[in-house]
Amino acid sequence: MADRVGIVGVCQTKYEPRKIFDSYPEMVFEVSSKVLEENGLTIGDMDQIVSNSQDFWDGRTISNRTVSEACGSTLKAESKVAMDGTFAVFYAAMRLLSGCYDSCLLVSHCKMSEGSPHLINNAMFDPLYQRILGFDELSTCALQAKRYMYKYGITAEQCAQVAVKNLRNGKRNPYAHRGMDVTVEQVMSSRMLANPIKELDAYPVTDGACALILATEEKAKKWARTPVWISGIASRLDSFYLGDRDLAEVVSLELAARKAYRMAGITNPREEIDLVELSDYYSYQELLWLEGMGFCQRGGGGKMIEQEMTAMGGDLPVNPSGGILSGNPVTVAGAVRVAEAALQIMGQAGQRQVEGAKRALAQGHCGPCGQGQCVIVLEKGV
Amino acid sequence: MARRSKRNVAIVATGQTDHRSKRPDVNIVEMINEAVRRCLDDAGMTIADIDAVVIGNMEHFEGIFFTEMWSVDGAGSFLKHGMKITTGGTTGSSLALAGYYHVASGLFDTVMTIGWEKQSEGETTAGLIFQADPLWERATMSGAIGSFAASATAYMHKYGITEEQAAKVAVKNRKNALNNPHAHLKLDLTVEQVLKSKMLAYPIKMLDMCPTSDGACAMIFSSEEKAKKMYQNPAWVVAGVTRHDQPFGGDLEMVMNLRTLRSATEEAYKIAGIRDPLRDLDVAELYEPCSFAELSWYEAAGLCGPGEGGKLMDSGATYMDGELPVNPSGGVLSTNCIGATAMIRVAEAAIQVMGKGGQRQVPNVNRAMATGFGGSWWSDVMILSRTP
Amino acid sequence: MSEKGGSLLLAEFEAKFPYDYSAGRYASYFLKRLKEQKKIMGIRCPKCRRVFVPPRPACGYCFVRNTEWVDLGDEGTLWGFTIVQFPFLDPMTGEERPIPYGYGFIELKGAATRLQHFVTASDLKKLRIGMRMKAVFREERKGNLADILYFKAIE
Amino acid sequence: MDDWLEGLEPIVEHQDLKVPYRYSMGATTSQFFIAIRDQKRILGIKCRQCNMVFVPPRSTCGRCFAPLKEWVEVSDKGTLQTYTIVHYPTPVQPVPPPLIYGIIKLDGADTGLAHLISETDYERLRVGLRVQAVFKEERAGNMLDILYFKPLP
């Protein structure tokens, strides 16, 4: 990339199953005020705000109206990306690269506890062909998981190993909704939701918010102790109808990753990337997305987890934060991937720090079965 | 706070459906596709020329969550970068601004933006009530009309604005719509007819209010290199500004004084080098959700002083043959497919700059302004020019 | 369902989405005082001293946390109003909302913002901007905004 | 902590948002459902450029953007591409759980159709299973006019 966008600072709430005391503005103000304070900045330093939330989850048309005072948009430029948080980061980066603005406060919020997840996730399907069948996110991801496992011989145990690893990592993340030591057997014997997805293969319902400060190169250098640079960023959308693509392959992710790597000058991701924060709503996704991002051949995801390459201390730690399996709300989840990857590069990831992390990958997706994919390369630099 | 972009960006094409109260002949994706094909035709492009698609609507109006995902086939975003941006009434202008930022970032050369709404498929007032705060506003909220009405009374009270002056806006814009093949309501009305139309919520009568429409609008934003190579007369984006505000209607003066538009236009004029907007602009497409609003928006946009919106209307300055024609397209009072509405303002301003306005063309347009309105009394402003 | 033998079909859905909105600390406190003491409370920004009603966690102008509660009394001035006369579907009940009804914005003394609520008078036609208005409270208060039934003109 | 927060009970406002929606299917989708409703025939639509038959049909090819007009009848029999057994209940499921979803590539189609699977033991379920559509007696012109797909003997 010719120009660089830097991440100056990040802030997260603790993710909790039901933040019953917090209204949306309270939850958002917690992170937006803190991220400024911790970086010695004021709202006056922010030229613009990019917010990130979903009308359906908030139960409110124009969900950014709810949080306007809490994200500091009074008589300021603000816009809302109604997709996964990685796409919001992408949009914030573009607005900075345009030269129109120098800085951006990005705030992502969601309280999954307030609505009905199955109903909301059923509304994502088209009203002509698919919605009437009662699909939701979980049941369609189960279709993807099954297809993937069938086509490439991925086993339920391998998926369970992902859950074991990420839930264990979650123990070291103070923001995580949950972290625990579970065994493969426990995952395998947890309640069956939709074959092959069991309770511990699936992310929990959770509430929370995440804020990031992004800035142009000049401002980021001035403001950040360790600015984190976005060196590659790309997204792609695949077809919508479930039967239109072979769900065992993620062409949109392959294309997005390839583009992002080209921008960042990466030729061998396995060698050149130190860690990955990816969107593991369900355990199988970690394996499938790793393939999509070129860390192994199609179908090679199972081996990666089996050989413990993606564990803390492995060649390529994946989701040191504990990932979405340890609990991040949808939409916010993508912003958290970027925030967690940035913390790693800043060397501020505490107990979950990957030693010497210089280059990290953040991945987010939205739409049925990972239809839309976004990949962001973050790195340390001068 | 905002500046002109580092790279020049031009609008090279637009496409609209013929807006109607109901389009039972097409589904949502097909309606979007109609605008996209018209836009590609206008550009002389194929979908392969498009690098990215930015789309939006008001999701609760149709009750569909992942509209950007469902519409991939019709919008032409298959295996491309795609994004959904939704900001209520300003969705269309937020999308147009997003098209501008996408190209200005240097990451994309040719970007399509699409705003749409198929209001006949849901309940507009119910959809708008979702927009109100569940604790503080929902019980009293009656769609958009109520808050326009409640603050229009304050506007009239403070400045002596009359119902007749507002009715003139309703007459002017519907008459302008007669020249616009895409417009939904094309009516040759009298002030009398407006005043005698059914009272909805005092002082707003049926003909003071925008309709609900089914329709879509698409635009193509292009880098300077491509625009100059392929197009004789594109519309260059010379300023883009957004202003949001406090969360509750009661925090603001609403129709009486739209301060976000005041703040946004002041900044946009500064960026574009406009000193006297009434003189320096050649045409304006203002997002007027009701007749009273257009009068007040004149004031906020600096076309006249506070409280002088009625007088400016009386002077005839904003008619087709006036000093600054406002809403030659017929405006929102003639067409309102909400997610597209603010984009139509930008598209119509671009059409004027490109000289493609046909019967609604204002002669010799060098600079045009488009505004978006929505959310919690938010505003977007874009200024387009014949020269970069 | 088909439009009787036609070639264009419709898909119909009756959507019902339940939500449990957390009022948050600020609104919970407001509603508690309203329920227990018939008080209408605003919250003051410690920096610019603006008093906000409805109460909210932060001042949008100064971006600081609001901390100081202020009793705004139960009388105010009518800033703007309308009488809703058109029928529409109320998504909270799934039925048409009863009309006509008056609603408007009340300037409570000391508040920098206005409260949106139902307004009435002995006759709706008598409502005028600038009228003094007084809150009428519900007998059995439940801890929501409807504990104020409406603001009534002092005639 | 501020004094006023002490002992404060959180208030939760419950609302059910109810809205009716009426979606126009458009000519292409309507024709697909009319053929099922009136003749129990399943139609696909063909893109000549991409040499693909799409089921369910749409009026534009997402891949090449060609308008699609060429109808092709596909079989009511096909092959299961993937499936899942859903054990949890939701208010929008057409039948009570446990229910089986599958994606079926009908003979003659190049894309899969997502639908319900029934009349089967779980043990028989496998990718590659041959299945056939079972039509509803009283058909209304929507996706549930196909009740489900059942395994071929």
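The chains carry the letters A, B, C and D, assigned in the order they are written, with residues numbered from 1 in each.
Everything below uses one rule, namely that a residue touches a chain if its C-beta (ideal position, glycine included) is under 8 Å from a C-beta of that chain, and two chains touch if they have at least 3 such contacts.
Just so you know, these numbers come straight off a predicted model, no measurement behind them.
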{"item": "Relative to chain A, chain with the most remote C-alpha centre", "value": "C"}
{"item": "Chain pair showing more contacts of the two, A-D and A-C", "value": "A-D"}
{"item": "Euclidean distance of C-alpha centroids - chain A vs chain D, Å", "value": "28"}
{"item": "Separation of mean Cα positions, chain D and chain B [Å, integer]", "value": "37"}
{"item": "Cα-centroid distance, chain C relative to chain D, in whole angstrom", "value": "42"}
{"item": "Residues within chain D bordering two or more other chains", "value": "10, 12-13, 15, 17, 19-27, 29, 62, 142"}
{"item": "For chain A, residues contacting two or more additional chains", "value": "20-21, 25, 56, 59, 68-69, 73-74, 116, 119-120, 123, 127-128, 131-132, 239"}
{"item": "Residue numbers of chain B (touch at least two other chains)", "value": "24-25, 27, 60, 63, 72-73, 78, 123, 126-127, 130, 133-135, 138, 245-247"}
{"item": "Chain contact graph, described as a line, ring, star, complete graph or other shape", "value": "complete"}
{"item": "Complex contacts: residues of chain B adjacent to chain A", "value": "1-7, 27, 56, 58-61, 63-66, 68-73, 77-88, 94, 97-98, 100-102, 104-107, 127-128, 130-131, 133-134, 240-247, 259-260, 263, 374-376"}
{"item": "In the complex, chain A residues that touch chain B", "value": "1-3, 25, 47-49, 54-56, 59-62, 64-69, 73-83, 87, 90-91, 93-95, 97-101, 120, 123-128, 233-240, 251-252, 255, 366-368, 371-372"}
{"item": "Contact footprint of chain C on chain A as seen in their complex", "value": "19-26, 29, 33, 36, 42-43, 56, 59, 68-70, 72-74, 111, 113-116, 119-120, 123, 127-128, 131-132"}
{"item": "Complex interface listing, chain D residues touching chain C", "value": "2, 4-5, 8-27, 29-31, 33-34, 37, 140-142"}
{"item": "Contact set on chain D toward chain B in their complex", "value": "13, 15, 17, 19-29, 58-63, 65"}
